[in-house]
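These are the structures, in structure tokens.
Two complexes, one shared chain (chain A), two partners (chain B, chain C).
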Partner chain A sequence: MAEQVKTLSPIREDLRASRILLRAGWRAAMSYRISFLSAILGGMVLQGTQLLFIGVLLAKFNVIDGWRLNDIAFLFGMRLAAHAFYVVPFGALLSIDQAIQQGDVDRYLLRPAGTYLQVITRYAPLMALGDALLGFGAVAVFAPQASVDWTPGKVVFLIAALVGGGLVETGMQTFLAGLSFRMTSTMSLRILADDTITRFSGYPLTMFSRWGFLSLTFIFPMAFIAYLPATVLLGRTDDLPIPAWLAYLSPAGGPVVFAIGLVFFNRMIRSYTSPGS
Partner chain B sequence: MIIEVADLTKDFSRPDVRPGRFAGTRSLFTRARKVTRAVDGISFQIDDGELIGFLGPNGAGKSTTIKMLTGILVPTSGTVTVAGQVPWRDRRRNARTIGAVFGQRTQLWYDLPLRNSFEIIRDLYSMDPATYRTRLGEFTELLDLDEFIDTPVRSLSLGQRMRGDLVAAMLYAPRILYLDEPTVGLDVVAKGKIREFVAEINAGRGTTVILTTHDMDDVERLCRRVVIIDHGKILYEGDVGMLKAQYVTSRDVVVHCTDFDATTISSPFAQVVSADTFKATLRFDPEVTAAPKVVHDLTSRYPITDLSLLEPDLEDVIRQLYTERTPVPARGTGA
Partner chain C sequence: MPVDTLSTRLTGLRGFYRAGYQSVLAYRADLLFGIVGLVIQATLTVVVWRVLFTGHDQVAGIGSATAVAYAVLAACLQAVVMPWQFSSLPLRVMRGQIGVDMIRPRSLISQNLAQAGGTMVGRLPLGAAGLVTGLALGAVKAPHSVLDLLVSVVSMALGVANILTINLLVSMTAFWTLEIGGIMILYRFGSAFLSGALIPLWFMPEWLQPIISWLPFQAQIYAPLSIWFGTRHGADLVGTLALQLAWVMVLFLLLQLVWRRAVHRVVVLGG
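Here is the complex of A and B:
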């Protein structure tokens, strides 16, 4: 009775599977209507407090590391929007420890779809919609007020930078999530990374020392999320202690960091021990 | 052979922390590791279309073995081939060849109605709609899914959920089905339904079934061959009947009477083990005396109203096997 199996390439298979699994995730999330709406609102409020904090900070100091209010607000908007590109499609990564501890990964390994794909579609991260509304809203409001002469080229660069920034954050979180297969729990590490990104990636990172900046560029590559591309758009690449071309190429950092994170994650699956074995 | 396992071993390692003061804190810094061997160099083969019982006490290494066969765990050493593939390496292709039901955990989408889970599986396994409809129709009838197919999985009873899980595992017609404790916690009616279904997909559709269970009724009703594992090693591999024959050195015959006192009964071929006025139980060695000879002797000498020959109890055999924990040389249909 076994039938001939249609074989697709793993990428096409994953694209198909992601459509199917995403639909399932959202359908499940919407079966709890009140939670659906309150989570979206919660996401907006949570990130909104950060925006409010910037307002307070700038009302007091007016300038941070030579950056004026309108440009800081734009940088922060970029950070929020880039974060949305991580948290809307990949937000369920947050629950990797649970997936491992409860043995849900067993189920993922039994299905003909990528394990990573199934982890990120295990539920619809509703709060992320609030993040996205706020992030894209902030970019729409602050971009016209920033010291940028907008051209179609710069708009394309901005969009590439936001997607790339999202992928940098995703790659870093994916890498740490991969460690969970060996360590069972990396929640505190991942919260630390998330918190550091939330607190600092929306500021001019040269406000840290030269070595601080270099480590935030090459070791914990948070500078790629918003700061480096913002210096390009704002014409401030001279501030950087690194070659300007690196800032121009910063949107490409996203796919690179993401690829490293994903390869590591997939390699670590072999260390999965499955509860109850 | 659809499944071939050779010298399969799985070790788990964890920090070795000795009990005492600050054990929790020390566990964060210790570099010493404690290695536990869950599966210890086992080898066996399973034929296409077989229905095999995979038995063993808790912690014997059954689940670990099944997880290596399904591709969930990567073996420490040894080889596993399932339908020509190495499960963990060819994971996706293997996933299309196998179905799995783990009694303790559902494979279904918890918040969605059961029907939606089936539709997601239809799409994930690229089933054509007509085959899906036909097969779902057949399974719905076999397992009486009609009443609850539109209920969210989270609201199903254990028996209903298990039936849903079985259908989900068989919808895309995998060649091999792994069942890990499929009847645990179920009432007799639900158990019966599930056994019927398993028998049907094995006999009627040729699916190879690997059944892990603690329920000896499952084994007696479904399996011809068993693999018994303990402490990661195989204790026995072979025919269920042969296992009983090897282990059961005596059989019991129970006689009932109304016209005479059963305590007076005796036989040159059997020993009385218990007796009261109306009933006596006698034990004999089937290797020395065949059962018909004992029965004939009793019925020809006493006005017996009823007589029954007790089947050897598999549960007793398994219990004895676990207690002695000595591997039995394979006999019967074992490979």
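Here is the complex of A and C:
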């Protein structure tokens, strides 16, 4: 058996390990029915408040920065669905501080699977299913109402953008989680990033002035999550102070940001010192 | 034999209060990021509201300056009085430490209220950071009169009493079920929305306003701020304060009732 495992390529080995770990995590989480339902409800409420917020405001104000309710709702839906692509597979990243403080990482380093893989499969983030339900529901409801002439090409672009947007968020959170190997607690920093993305990535980001927009594109790359691909779909790339081709390539931002985050995370593992003796 | 006077009672509770604010100040990095966060979010919030108001002089009778100032002050107030971790009670129930808490010579309710009060005091720097940001952006408005200021401070105190009581009431769910993650989030976001921390009642749909105005949550943030901005006068002003006071009393009574039932449910694991 051991020899058989050895013959597998490292990637296949990681995939096999993740399948086993994921199955165990989700099975553990699903075994409590009530907590299962309440967690899903919690996830929906958490993100739903943002939709409620923007819905109530636009019912009074009609328009924000030239965007009407249907397009803003679509943008918010995109951001929610992209968030699901982060939080369903990678949501356990949130517990990196505990994984380090409780000494779990000691064990991860000994096992024949990547540390990152074991951190993200620590537990199954049930609440994420609520996020996913709401996010995909919102896209399904708002996409037909948005001012987009849907073609098969645009649908493909939308799907690529949602997955890419999820990877952008994952990459940012992975990067910040890497800091946990140096600092005692990065929870508040990661919550700050999450909260800022939750509250503001569903707006037309050019409204935060030129410099605000550029920092949200290149420093804290929140624009890649939903806004940049949305400008392509809605034919609004003229609003951008950056070349339009960058918006067309925005779904590719996901793998790039994720790769940066992961490389940083793995480099930071080297400065890990066990909390025990 | 020690005499149980008010001062000895308060001495006992001071420790919990101190534990509350030290729990905030002990994690310097968390506090620092909290402050940075509020600066960023206050700035972005101001932009969002200003952009919303472009092309409108007034919406629902409210001008841009008031709406922007409301959003900033509400964000500051929310950061101080609505911490993400608002009670250690559920964790203490789960770990069984509640048994030790219950044999202490101060009631569990006052222990928890003192600690939560301390946490709020520890979070004051967050509110201050948001306020300074708002002032720097020219987005904060002072009350019209000294009277409005004084009354809104009284109203804020009632709002804080309201939040402390409801928070503890909700935390007590932990005596009935350990799976309270979903309930807590529902409560957190529900109350943030209904309290007017995100959107003032002025901009809510007409059919929703009367419902929300009778709920306890609007007494937490919306009531004091609507007084601050001078939108309440005479009977309306007195009525607002009276409703706030009534809610605090009702909630406190409810808290006592729930606690009395909870006591009988406590079974500490591991003897």
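Following the convention adopted for this analysis, the second predicted complex is superposed on the first by the 271 of 277 C-alpha atoms of A that agree within 3 Å, B and C clash if a C-alpha of one lies under 4 Å from a C-alpha of the other, contacts with A are read in each partner's own complex, and residues count from 1 in each chain.
The working rule: a contact is a pair of C-beta atoms (placed from the backbone, for glycine too) under 8 Å apart; a residue touches a chain by one contact, two chains touch by 3 or more.
Treat the numbers as computed from the prediction; the structure is a model and nothing was measured.
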Joint occupancy of chain A by chain B and chain C, clash or fit: fit
Chain C versus chain B, contacts on chain A by residue: C
Touching partner for A:31 - first (chain B), second (chain C), both, neither: first
Touching partner for A:200 - first (chain B), second (chain C), both, neither: second
First (chain B), second (chain C), both or neither touched by A:144: neither
Contacts of A:41 with chain B and chain C, given as first, second, both or neither: second
First, second, both or neither for A:241, with chain B first and chain C second: neither
Partner chain in contact with A:111 - chain B first, chain C second, else both or neither: first
Superposed arrangement, angle subtended at the Cα centre of chain A by chain B and chain C, nearest 10 degrees: 90
Touched partner set for A:191, first chain B, second chain C, both or neither: second
Smallest distance from any CA atom of chain C to any CA atom of chain B, in Å, after fitting: 6
Common ground on chain A, meaning residues reached by chain C in one complex and by chain B in the other: 32
Touch list for chain A against partner chain C, complex: 32, 34-35, 37-43, 45-46, 48-49, 52-53, 56-57, 59-61, 63-65, 127, 183-189, 191-192, 195-196, 199-200, 203, 207-209, 212
Interfacial residue positions of chain C with respect to chain A in the complex: 27, 29-31, 33-34, 36-37, 40-41, 44, 47-48, 51-56, 59-60, 84, 177, 179-186, 189-190, 192-193, 198-199, 203-205
Residues of chain B touching chain A in the complex: 10, 12, 38, 63-64, 67, 70-74, 88, 91-93, 95-98, 100, 102, 104-105, 107, 109-112, 116, 120, 123-126, 131, 152, 172-175, 205-207
Of chain A, residues touching chain B in the complex: 1-3, 5-8, 10, 13, 16-17, 20-21, 24, 27-29, 31-32, 103, 105-107, 109-113, 270, 272-274, 276-277
